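In what comes next, subunit A is part of two complexes: it sits with subunit B in the first one and with subunit C in the second one.
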Partner chain A sequence: MAVISERPAERHRERSDPGTRRPPAGARLLRSGPWVVLALLLALLVVGPLVRLEWRAFEGGAEAFGRMFALPNIGSIFANTLIVAVGSVAFAVPAGTALALLTLRLPRALRGIMGLLPIVPLMLPPVAKVAAWSYLVSPRTGLVNTTLRSLGIGSGGTGPLDVFTMTGIVLVSGLSMTSFVFLFVHASLQQRGAELEAAAAASGAGPWRVLWTVTLPLLRPPIVYATGITFLLALGQFTAPLLLGAPKNIDVLSTIMYRVSAEYPVDYSLGAALALPLLVVGLLVIGVQRRVLGDERRYAATSGRARIVGLRTSWWAVVPVGVYLLLAVVLPLFTLIAVSLSPYWSGRIEPSTFSLDGWAAALADPATGQAVGTTAQAVGITVVIAVPLGYLCALALLTRTRVPAAVRRVIDFVSGLSLALPAVLMGFALLLTYSTPPLRLYGTTAMVVVAYVTLMIPHAIRPQLTSLMATGPEYGEASRASGAGPLATTWRVGLPMARSGIGVAVSLVVILAIHEFAVSVMVTSPGRRVIGSLLYDATNFGTAPQVAVIALLMVAITTVGIVAALLVGGSRALDRV
Partner chain B sequence: MSKARSARTRFGTRGALLLAVSLSLVLTACGSGPATAPATSAGIDPNLGGDAAWQEIVTKANAEGTVVLYSANDQDAATLPAAFNASYPGIKLEVDHFASGALTAKLDAEAGGGTGADVATHSSRAWWQANVARLAPIAGPAIPKYLSGSPDVYGDKQYALIAANPLGVAVNTNRLKELGAQPIASYKDLLQPALKDNLGIVPGEGSPAAEQWWFYAAQQLGGQAGLTQLAALNPRLYRSGTTPLATDVASGEIAVGFYATRASVDALKAKGAPVEFLPIEPAIGIGGYIGVVGKTHPNAAQVLANWMLSPAGQAVLSKGGILTPLSPDVLGSAGSGAKQITPDVHVTDGILTPEQDSFYRTQMLPTLVTGR
Partner chain C sequence: MSEVKIEGLTKTFGADVHAVDDLSLTIGEGELVVLLGPSGCGKTTLLRCLAGLESPDGGRIDIGGEQVSGGRREVPTHRRDIGMVFQNYALWPHLTVLQNVAYPLRARGVGKAERYEAAREALALVECDMLADRIPAALSGGQQQRIALARAVVARPRLILFDEPLSNLDYRLRGQLRQEIRDLHRTLGFTGVYVTHDQTEAMQLGTRVAVLRSGRIEQLMPPAELFRKPASRYVAEFLGVANRVHLRRSGDTWVFGEADRQIELPGAAHLGEGPVDVMLRAADLELTAPGGAPAGRATIPGVVRDVLFAGDLSDWLVEIGEGTVLTATAPARRWPQGPGDAVEVSFDPVDALVYDGADGRLREAAPTFAG
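Showing the complex of A and B:
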């Protein structure tokens, strides 16, 4: 979230420039027409399916709500949803913030590399992480449990840990979301620097006093933003409850919605009723964020020449960062690699049985090639559509562009909406919209692309907005003053200046679209599987080595995608994610 | 599908089949079968009895070159493509595997879209009934030749029972020994206290056929008392289905799991896992129904549906322990070891009776799933 607020002087100049005359109404309409079309397009993409879905909930006298409340354990389902959300936030926000703060204390030699490592877990697909944790912490055969029992920790044939519990779900979800929180807080710290902390320390304040009186108050915007985002992500948390909650009947709203979508006949009215609370909470959180942080500051950190100086560094800071990486990356990855080489999951890692048979079988399976091909095609087209669309939206969100305020508000709201809503909800709405008349896209790559574009819009906007805001308007004005038209100015000035933001947007869209799972399993048809839905099918019908191989393939494809994005955005793109 | 109905069906079918086989042998000997007879893996010509119109369909099917099957049967993807290709080298078979609920949801989403499945097999006869208008009648010679008059052919040959998959128990032989548990030979053996905390079950919510399986299984377990006893053993729930259950039995995470499919257990056994699939009596088979659901490859779809219903396809299907509606006699040597659906087998049809529905909602779910 490395975004800089537009300088007040720019806004002042825009308002007070005596040379600026208010153009006639016709010209204003002509000028704002494309922006209105853009806002309508976004609304059609995001709000259209949601309205169509929710309309179903109120059909027939809203009897779907009666059926929702008649579901067995519906009270527990709401409670579980809230527990997972609050628990994950309670874990991820302190952990992510602490990690970000600790990276400032890393020895200078390590800060460059280790300072970015906490975002590496984002490269692991959620299904892969959850599957790995089930191999690690299954009560009887989980590798961590068998190791602990062999060390005398725990007794009997099971435990002491059990990942198939509410605690397990919360910890696995929280561990994943820690990286998101880190991302926001770390970016803010990098922008702001540590001069104020250094000044407080020089004035005699102890480390804790500096933390409570300087650092944390200054970090309020990114922490509030990260708390809101992680709360919403956790509220719609799907993978961990689906795969870890089933053994003990721990359901949340998203898993119930998914079950509704996979039963005959699909009860869209019930799904819509289940989705409504998530929709309302999503809207509330957007509203609260807007109120607490103000408009542009939701995207903004503090400008200025950031310097990390004067802080005491310590090799001890390496320990928590290392522990996080061990838990979030090394252990899951190691487990997946070991399982992928095993003939079947035996509860033990036995190198003597290792072979590449699982890899050969997965790679020889035509479904794998088809899924990789469809993924590459869908993600590629998504990037081509979503990133330019995001660029236009970012332009519209800049206060310096002459976009009608109402249009700007619509674009701002809609782009935030798809970020705020659980993916399962969006998946359900997209399935209804594009598998029933008048627009039948189900079974085509176009459906996957439409779904991905809808989901990825906010991720394509944010980094490009960052770049545009940071560069300021002077270069564009100079270009126009020299006689270049808007297109030439965009091509010769705007795009090159936003190159880093474009690279980050491409990276984010590539990572998130490849990892996308909840929507993919709903909207992809068997002939148009993407790698995420292939992985889900493997968890249902495949062997453990198959699951591991496909998960590792996803990691490999993500890495290729990121490298490609780095080529677009330059080598510094990643640290500006 | 009731026992009484099953009994009537099987004896009637058997008689008709014997007659059909005799007639077909005579006709073949006289050289009156106009359809060509490609070599098949099963050694049985699936086109037997086909007329000139059928031969035209086969020719067009070869020109289409591809056919897509959505199947809820977990061994079809591994076994059918090669065997079908042996009968029809010019047609490539693609098999996509889903649970019945997800499969029917996808078929609904595809309806009218002109993409996706050409043929489907799944366990929900309720879906087949509701969608009979969109199904193309199965045109091949297999139904008139082998299933003429069978009550398992529905509508105007729009869909038919193709097989029954008898579910059983997956056992980790090492873990069972460690626990000192008795061998599993009956449903009631699943209730032994030695299995406490070492048991897994597939509750089958959302799949009417699976819910029927539990209806019949509960009768064998001792009704509500049996379910309560089972709940006291603290079984782990496997809502994603039989493959994750088999995986956990293989790793020893649980010692015993049910219901299980033979294919998922045998696949792990073949890789060296200490697992066994135990069929359990009386058998409760998940009925699979086949129909032509798509229009993308209409002729290849007909050829596939006919092949699967013919002895050539049935011989392949029955190798996984799946029960065939045909007499094993007509399957020839390729179908050695095949077993027919007999009157003592409960075959689910995915249409819950009020009694079955009430049992599942008021007894099974509260006792073993939601009430825990």
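Showing the complex of A and C:
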């Protein structure tokens, strides 16, 4: 009782002259204790495996680097990695930016729907898209090639196009990354409306001058950001080189790392040496991004209450958006469906031979059911762990919460870091950490969950942080002023208002975890597949219709996941994915 | 020559929203016409049609003798030689203040030295020359809007459009900037169109004021005449004529309310038949002790409900029965009556604005009355 009665007096004294008396260090640590634990947990999850991996690279006098440079073709592997990265950026950044700018010019009636369509490709699993393109443009049986040949373009039994080339890899990778660039640029344009462009036009500037002097300079932050992210994603691009590079032995760092991880015993030191360049570049890009963006006030959007001032619209804007959708969604999906219904794939769509045999066989295979079950279970548990963790991290990152600066910096760094690193690298580090003593999780669902949670935390943080920042502190303050404590405020005001952000986080985690391919093929054992690794098995040992069926199953599971996420976050969540 | 001529302009959104409805208006050179009305009356749409940010569905717009809109012709915004001031300032955050102001000249191909010189002069006009090298985000709202004004006038366009430029500013700044826009207009003599929902802005800035209703001009007049004789109940209400009494004919007298309270209206013959709405400006009302009103004034007995003190002026709220409350405004301490006191509200019948009870149009005073 004595303790309790003393406390208010002590607190009162602290408040009354904060300059001279600070609470003792112990009390401060106690108050920020949970936040310190959160930061440590994140560091352990993300940084721990990376440190452990790179430790291996430098063990024994860094001899692993010697073995790395002794690898045959190591020069061309580095060159290929760079070409894929630069090529994808060169394709995706202009294309994505142009699409986003065009949606501003869409007729009002279409803007709502058409403006969102360019992100639909993100709902298609990348591996499904790559598989579809291999059926579309493979030199002998590709649908596009057989069609072109029947039109008299090209001759003989192959060509004229070939997706199993560096150009093919770059285009397929760039096409799928266009959606990312679109997403960032579009969000930025939506947020600030077109009033600044209207002001430039009213000042006498023609459309091109407006583009060069106002629109593009103001889009620098999202474009720089998207360029960085796209570059890193393409640097670690795994799916396209793995599936499309195989016939001509086109390897990049990520595919070589995968091959190292697939041999037994795994040469972790060599993998660590291969991973180091990716790690260094990832850190550099993040550093450069922060520096280039500089004074953010120069890009600050006008007030949120800005009246949206539209520009002149044109029906012509529909054409490029439609073409992109055709290439990125309609054609791949159509191809996958056609292939899945064919008894075998010959490069011709023959509806007379269509049957559901392929579907029946795939669904009857116990491996399919097991993989779907494992995927659903792993993704479900991942959502339950990663989204609340992300909420806490987002709270800690809000400057208005009184979290120690050091803790905030750790969380900020860790979330930035795991966004910056290629999935293959993380996969390799996780494989090392969780399949060697003291933790042996290889072959269990737990291993998949740990890997997914580690990868998904940054994606769970960002949307929740955005929605917390957008709502502002007043609502919480009003609740506190009305007499609600911190917990009641969080429960009755904070969470409901962050609901759309939570919905977005859940959708993102669901989509990205189901689509996850690189880490999935690395950390799952042949006895316990997830849908992604099952698909990879099918590309190696199965038939084209089998691959198509599994790819479509992946699409179906994603759709189910998105619908479930919508139920959590309300229907508006989809707009904000 | 920068006369603006709008003829039969029509703009609809969707099937049945007539934002601008067959509207015609001619703005003389050097005139600043204020478009006044509540939100949704079409004033902003009209302005955006003038700017070319919206394509009208019909009608024609000429600026300075050049047809900019109508038929198949639609001159794009940047070729209309206009200046525009936006509600949210719309300064480009990545350019300095000087670059912002010089931008219209840059767009017109003026050389660097010359345009910065002109931009500095324009900044001096709004007393912001010392801010030239700052970035807009570092400035207050009032400063940003001054910069935006400088940007709108710097190229001496033939028409300047103002889209509620003062709505985002606080009360005191609004007053200052109103004065500055007035001064700029006097100094530079530009032709302008100014959109607002604030009647004070309209009265102080407009050479003429157009009150808009459902996409049409309800009344167009110089501010003083407009306030003296609002053409309809809608205009009177929008101009802040606060007191309204609905009168019915009962035999030889006029009555109001359910209990048919009589009202003394000397010389009320001109009111004609049928119910009317009498609108009274708060400043035209006088309070006296019961029976103390001078002869020749219309009187209504009532009880003071409250007195609202607002510095120089006070509002006396007088209940005249049936829940009808009249507001009389006068210098504070002008009348000794306080809450609960019985009073007589009186007004000169000449000051009463009489509107037809059905269509809300002004009933013109009889000739004898006007004299």
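What we mean here is this: the second predicted complex is superposed on the first by the 534 of 577 C-alpha atoms of A that agree within 3 Å, B and C clash if a C-alpha of one lies under 4 Å from a C-alpha of the other, contacts with A are read in each partner's own complex, and residues count from 1 in each chain.
Keep in mind that, in the parts below, a residue touches a chain if its C-beta (ideal position, glycine included) is under 8 Å from a C-beta of that chain, and two chains touch if they have at least 3 such contacts.
Being a predicted model, the structure only gives us computed values, none of them experimental.
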Partner chain(s) touched by A:P486 [first = subunit B, second = subunit C, both, neither]: neither
Partner chain(s) touched by A:P526 [first = subunit B, second = subunit C, both, neither]: first
Touch count on subunit A, higher of subunit B and subunit C: B
Which superposed partner A:P72 touches (first subunit B, second subunit C, both, neither): first
Which superposed partner A:P217 touches (first subunit B, second subunit C, both, neither): second
First (subunit B), second (subunit C), both or neither touched by A:L196: second
Contacts of A:R209 with subunit B and subunit C, given as first, second, both or neither: second
Where subunit A meets both subunit C and subunit B, residue numbers: none
Complex contacts: residues of subunit C adjacent to subunit A: 48, 51-53, 55, 76-79, 81-84, 86-94, 103-104, 106-108, 135, 137-138, 151, 155, 157, 161, 168
Residues of subunit A that touch subunit B when the two form their complex: 72-73, 138-141, 158, 164, 243, 246-249, 259, 261-266, 343-347, 353, 366, 431, 435, 437, 440, 442-444, 525-527, 537, 539-544
Interface residues, subunit A side, partner subunit C - complex: 195-196, 198-207, 209-210, 213-214, 217-218, 220, 295, 297-300, 302-303, 306-307, 309-312
Interface residues, subunit B side, partner subunit A - complex: 68, 70, 74, 94, 96-102, 104-106, 108-110, 112-117, 124, 126-127, 130, 197, 205-206, 236-241, 243-244, 247-248, 250-254, 267-268, 271-273, 365-366, 369-370, 372
